[in-house]
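Each of the two complexes below includes chain A, the first together with chain B, the second together with chain C.
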Partner chain A sequence: MTDDRDSNGRQTDSNERQTESEATDQTSGTTDRTSETTDCTSETTDRAFRTDGMGAGTDAELKRGVLQRWIDSTISDPQKAYRAMFYVATLFFVVTTMFPFYWMLVVAVTEGSSYALVPSLTAVDVGSFREVFVRIEFARYMFNSLFLATVTTVLVLVLASLAGYVFGRLEFPGRRPLMLLILAISYFPPAAFFLPLFQLFTGNVFPWVELYNTPGALILPFSSLFMPLSIFILTTFYGQIPDGLEDAARVEGTTRLGALFRVIVPLSAPGVATAGVLTFIAVYNEFFFSFLMTDGGASDWAPIVGGLIQLQRAGQFEVTYSVMAAGSIIAVLPVTLLVVIAQEKIVSGLTSGALKE
Partner chain B sequence: MATERPEGLSGQTGPYARFVRWMENLTETQFAYFLLTPALLLLGVVAFWPLLSTFRLSLFADNITGVGAVGEFVAFENYLAILSGERNALMPAPFLPETLTVGALFESALTVTLIFTVASVIFETLIGFGQALVLDQDFRGRRWVRVAIIIPWAIPIVVQGMIFYLFFAPDIGIFTGNSALSLQSLGLISGSPLQTPQDSALIVIVADIWKTTAFMALLILAGLQSVNRDLYDVAEVAGASPWQRFKLITLPVVLPTVLVAMLFRTIQAMRVYGIIEATNVGCNTLPSLSCLVVTSFFGGTRLVGTAATVAFLTAAIIGLVVTVYIVFYAREDVE
Partner chain C sequence: MARVTLDGVTKRYDDVTAVEAMNLDIRDGEFVTLVGPSGCGKSTTMETIAGLTKPTEGTVNIGERDVTRLPPKDRGISMVFQNIALFPHMDVYDNISFGLRLREFADAEIDRRVEEAAEIVQMSGMLDRMPDEMSGGQRQRVAIARAIVRQPEVFLMDEPLANLDAKLRVSMRTELQRLHKELDTTIIYVTHNQAEAMTMSDRIAVLNRGQLQQHAAPLVCYNEPTNKFVAGFIGSPSMNFTGGELTGASFSSEYVDVAFDTAGLDTQVGDTVDFGVRPEDVYPVETGGEAADPTDPIDATVDVMEPMGDEIFVYLVLSDEIGVGMGRGASGDDRLLMSVSPDSTVGEGDEIRVRIDRSKAHLFDAAGEAITHGLVTTATPDSAADASTETGEEAE
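And now, the complex of A and B:
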C-alpha cells in the first residue's frame, strides 16, 4: 500500500508542476504550447477521475493483496506501469554503476579483511588514505598522471587547432584524403604502433633518442593517438564560424594566424573545451602505453597505473587491499570532478565526434 | 589579397615581421599545408612510421638468439606459420584454437578476443539502450543520473581493474569465499576465478560492460533525441501502443546510430589489453590479441617478427569486422 500511494503521490506532484510551467508558457502566447497544455490538462482530469474511483472501491480493495490491487490499477492505467518500470530501471542503473565505488570505499575504510556491506561507523578507519602515500610515492604518481595529461592536452589542442582550422575553413587539394588518413590512425590498435616505438624510445633505432622512462615516451604516443578525435571535433566547430568574422578581423590588419587564435578559437571556446576535456580524460585513463613505456617507478614518470599495479602485485607478500582501494579512490577524484563539471561537453563531444566521423 | 594586408609591417624588418610577411604571401594551399606540418610531423613519426615499421618487422624472421631485433627477410612466412599453428610451440599462446573444445577456445588469442568482443558489445548495446531510454525522459535529478552513468566511463582502466580485482580476489572479494553475495558458494565460479580462463573472461567482460556501456548510452541517446516528437503524438492518436511506437518510430531512426556506436565499441573491444592486466588476470590466463603482441615481444623467447605479425593480423581482423559493419550499414541505408 505504501508503495502504491508513494508513486501515485509523486505522479500527481510532477503533473501539477508540469501544468504550472505549461500554464506560464501559455500566457506568453505560443500557439504551439497551447495544444500541449490542453493535452496535459485532460491527462490531469483523467487521473483525478481514477483516484476517485479508487477511493470508492475501498471495500473491494481490502479483500485483495497489495500486488493484485496494483496490477488492477495498472491495467486500467498502463501509464502507471511504464512509470514504475522507469523508476525501477533508473534505480537499477544508478545502483549498478555506483555500487563498485561504494564497495571500494568499504574496502578502503575497513581494517582487516572481513567486510560488511554496511560497515558500522565505529569500525571506520581512514588510515589507509594516509597509508597509500607512505607505501608508494603516491603523490608523485598523481603528479605524473596530471602532468602528462595536461601537457598532452595542451599539445593536442594547439596542433589540432591548426589542423582543425585547415580542414574546417580552407579548401585545398588533398583535403579529404588527408582527413581520411588521420582518421585511419584511430582505427589501428595501440599494439600496432608499439613495437617500433618501444625500440625507438629505448635507443635501439638511434642511440641518441632515449625517451624510455621520460615523459616524452608517453606524451608522444598519447598525442598522436588522441589527436584525431580532437581534430574532428575542432574541424566541426571552426567550420561553423561565419566567414565574415574572419574577414573582418583580417581587414583590421590581423595576420592569418592572429585571426585563428584571436577570432576563431575564442568563438569556438565550447569546442576547444570539449576537445580538451575528452583528451584529458583519455590520457588520464590510458593503460597500454602508460603500463609498457616506463618501468613503473614514480621517478620513471610512470602515471598512476604504475603505482596501483605495484601495490596490487606486491600483494603476494603483504596484502594491502585497503590501501589499494584508497589509492584507487583518490585516483578517481580528478576525473569524477571533471565529469560533474563538464558533463555537457563530454556528451556533446562524444556524440559529435563519433557520429560525424 | 593577402599581399596588401600587413601594411603596418611593411616598413619593419626583423625575423618576426619577415616570417609574418612570408606567411601572408602563401597561397591558400601552401598555407594549409604549412599549418598542417606540425600535426603531420608528429603523426608521421609517432603513428605512420611505427605502423609501416611494424608491417616491415612482420616480414622478417624472429631472431631468438642473435643480436639484431629480427632475422632474415621471410616475406609472408610469419603469417602462414601463425595461422597454420606451426608457430604455436614458440608462442605464449596460440593464435587460432588448436581444437574446438571450450578450453581451447579460451586459450587462443583470436577466440578469446572474439568472445570478449561479441559478449561485451551485445550487452553494452542492450543495457546502453535501456540507459538511453531512461535518460531520454524528463525527470527531476536527470542530470545526476546522467553523471552516475558517465562516471564509470571516465575512470582510469587501472582503477576499473582494481575494482574487479577486489571483487573477485580470493578470501576478501565480495563475490568469493563466504561472502553473502558469493558466486563461489553458488557454484557459478571456481575457487580462483582470476586464474581460470572462463571465469576471468566473464569478469573482464562484466568489467568492460560496467565501464563502457555509458558510451553506448550517450550515442544512442543522441539518436533518440533526433526523433521527431510529433510522430509520437500522431501515433498515440492513431492508437499505437507504446511498444508499437517504439518499434515503428524509435527503432528505425535510432538503428543507424546504434550501428555506428556498435562499430566504435567493436573496434575498441578488439584491442582489449588493459583490463586484463589491471584485474591481475594477466595475459597468461586470458591471452587477447593485444596481449599476444606484448607477450611475444617481451616473453622469454624474443619473437619480434611474430609479435609484429600478430599486431598486423589484429589490425586486419578489425578491418574485416569494420567492413562487415559498413556493408550492413549501407544495406540499412538503402532500405
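And now, the complex of A and C:
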C-alpha cells in the first residue's frame, strides 16, 4: 500500500499544485470529511484520481459506499482480495469445527436443560466437572485409556520398526507382494475380525485363552489394526537413511539390530513421532473394540468410552447430559495436549534437515 | 596391527561376479592401496574384509583368525567411509566415542582416548560440535578419529578423500601418511585416484574386473607392470601402446620399428605384440641425448600441445592423418604422446623426429601379459641379464 502511495505521491507533486486548486474549489467541504472517515487506502485512490488531472473524479469517488471503495482498492491490490478470502474460509472452518466443542462446554456448565447460546455468567455451574470424578471411577477409565494407548503405541513402534527396517533397507524376493498384503489387511473392515476374535478371547476356542476384560483383548487387535500405517511411514523414513551410516555403526560395534535402534531410529525421529502420535490417537479414539471387548467396568480395563456410557446413568432418575459433556471434555484433553506438543516436534524435526549428509 | 590375507575370495551378485578368486596377502603394518577403475571390485573387496558383505567363496583372515563368518564388530577393524558417515545426531565427542561406549569402556578411559584421538587429527577443542557445523575436511578428520580411537588391528579406508576438494585432498594425503607412521597399523586403502595410490602406499594392489592384476610397490607397478592394463592404468598421462609384430631382432609396426635383442625372451618371430612406452621416455631428436638407449629417429607431426607448466604434453601423429583421429588422443597405433620440458621449441604443426628410450620400453603379448620391461640391443649384452631379473617382483 505504502509503495503505491509513494510512487503516486511523487508523480503528483508537480501536478498537484495545478489540479489541487481546481479540485479544492469544487470539493472543499467534502474532502475533509472523507479523510476523517476513510482509511489510508481511500486516500491513495483520492490522490491517484487527482494525478490524472480529473478533478471531477473526486466527486464520483465520494458517492461510493464503504464496500464499493474496498472493492475498488482490491482492483489495484488483488492480494487484498485473496487475503480476505483466506480469512473468510478460515473463519468458516474454525467455526464449524470449534462450535461442537463450544456447545459441549455450554452443555457441561448448564444445569438442567435451560441451554443458551451464550450462557449468562451467573448460571454457569462448573460442578459437573467434579461430578464426573465423584459419580464413577473416571480417573481409572482415563488411566485405562492412556495405558492401552501407550502400550499399543510402544508395541506398534517396536514391531513396525523391525518391519520398516526389513522393507526399507533390505532387498529380498517377495518384498513388494508382502508390502501389498500388509496394505490390503489395513483396508479390511475391523468389524470382520470381531466375531472370531470375540470367540477366541472368551475362551471358546482354546479354554486357556481368556483375554476378555483384560488389556490383551484390546491391545492385540489395536496393534494389528494400526500397525500397517506405521510400517508404511517407517519404511519410507528408514529407507532414506544412507547405507554408509548403518555400515559405520556396524563396523563401530553394533549388530544390525543395534544399528537400527541406535542410529536409524534416532535419525528418523520425525517419522517415528508421526507414526507414534497417529497410533496413540487412533487407539485413544477407537470405539468398536473398546466397547465390545470388555463389560464396560473400570476394573474390566474398559477405556474411556465405557466411562462416558456409565456417566449416562450418573443421575438416578434423569439423563445427566451436563456430566457427560464434562466427561467428554476431560477425555479430549490428553489428545489435544499431545497433538499440540507433538505437532511442534514433528514440524521441527522435519525442518531441521537432520538427514542431510 | 595384523596381517590380512584373502584366500580365493569370490563374490557374486546374481549373475555379476564382482570379485573373482582374489588372493591378497597384506603384511603387518603395511599401507596397501586397492586401486582400479570404477566397478573393478575394490569396494567389494573392502566390504568383504570389513564383513559388511560375506564372500560367496573363499576365506578372509585377520591376524591368525579366520573372520569370514564374523560380523564386522568382532573383526578388530575400523573403517573410514567415502561419504564420511558421521552420525548426524551426535556431536564430535559422541561420534568418536561411539564404539568405545558400545564396548562399555570406563568413562575416564573413554575421555582419555577421545582426547588423544582428537589431538592426533588436530580436532581437540571442537568436541561439542555437531557434524553439520563443520567443514568437509573437519568431518573427515573426525571420521578418522572415530576409526583410530578404538586402536584397531586394521584400518580400512574406502575412498576417504574422494569427497574433498582438490587442495584439501592433497593436505589430507600427507596427514594420512603421517598418521600411518605414528600408529604403525595395517592400513588398507581404496581409491580410484592413482596419484593417492602412488604417493601413500607401501604396496598397491591393482584390480580390474574383479581380478587382482598386480600387487607390488608403486614404483614396481610403474616400471615393471605385469600386464597391459596395469601399464595403462598406472601413470598419468597413460602409456603409449602400438600394436605390431616381432620380426627377427626388432619390433615392427606400420609406423614404429624398434630393433632389439630377442635373445632370452620367450617369443617367436611373427608374434603379435604390443609395444608400450611412457610419454616421458619419448624425446625429440635434438635432445635425445637424455635417453639411455635411443632408437632410430621416427618421423612425426605435432598435432596438439598441452602445456602443464612443468612440462608440455605433445600429441604426435605418425601417419599423415592429422585431426582424423579426433577424440582418440594418444591411443591409436599412429598416435604417440610425448612429454617435453617447457623450454622446448616444438610448435603445433611442426614436423619433427623423435627417439624412444629403448631401455624404458615394454613389450606385451597378445593376451596383454608383459613379455619384458626394457629392451636391449645386442651391443650391451650385460643389461639383458639385468632386465630379465628385475621383472615382476611381487607379481601375482
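We adopt the following convention: the second predicted complex is superposed on the first by the 253 of 357 C-alpha atoms of A that agree within 3 Å, B and C clash if a C-alpha of one lies under 4 Å from a C-alpha of the other, contacts with A are read in each partner's own complex, and residues count from 1 in each chain.
In the analysis below, contacts are C-beta pairs under 8 Å (C-beta built on N, C-alpha and C of every residue); 3 or more make two chains touch, one makes a residue touch a chain.
This is a predicted model, so every value here is computed, not measured.
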Based on the superposed arrangement, let me know which partner A:263 touches: chain B (first), chain C (second), both, or neither? second
Winner by number of chain A residues touched, once chain B and chain C are compared: B
A:255 in the overlay: touching chain B, chain C, both, or neither? Say first, second, both or neither. both
According to the stated criteria, A:196 is in contact with first (chain B), second (chain C), both, or neither; which is it? first
Considering only touches as defined above, state whether A:242 meets chain B (first), chain C (second), both or neither. second
Footprint intersection on chain A (chain B / chain C) at 250, 253, 255, 354-355
List of chain A residues in touch with chain B within their complex: 14, 78, 82, 86, 89-90, 93-94, 96-98, 100-101, 103-104, 107, 113, 115, 117, 158-160, 162-163, 165-166, 170-173, 175, 178, 182, 185, 187-200, 204, 220-221, 223-225, 227, 231, 250, 253, 255-257, 281, 284-288, 290-292, 304-305, 308-309, 312-313, 319, 321, 324-325, 328, 331-332, 335-336, 338-340, 343, 346-347, 350-351, 354-355
Any idea which chain A residues touch chain C in the complex? 242, 244-245, 247-255, 258, 263, 266-267, 269, 353-357
Which bits of chain C are touching chain A when the two form their complex? 50-52, 71-73, 77-79, 81-89, 98-99, 102-103, 131-132, 146, 150, 156
Spell out the residues on chain B that touch chain A in their complex, using ranges where they run on. 2, 5-8, 20, 23-24, 28-29, 31-33, 35-36, 38-40, 42-43, 45-51, 53-54, 57, 69, 127, 130-131, 133-134, 137, 139-140, 143, 145-152, 154-159, 162-167, 169, 171-172, 174, 179-180, 210, 214-215, 218-219, 221-222, 242, 257, 260-261, 264, 267, 270-271, 273-275, 277-278, 280, 289-290, 293-294, 297, 304, 307-308, 310-312, 314-315, 318-319, 322
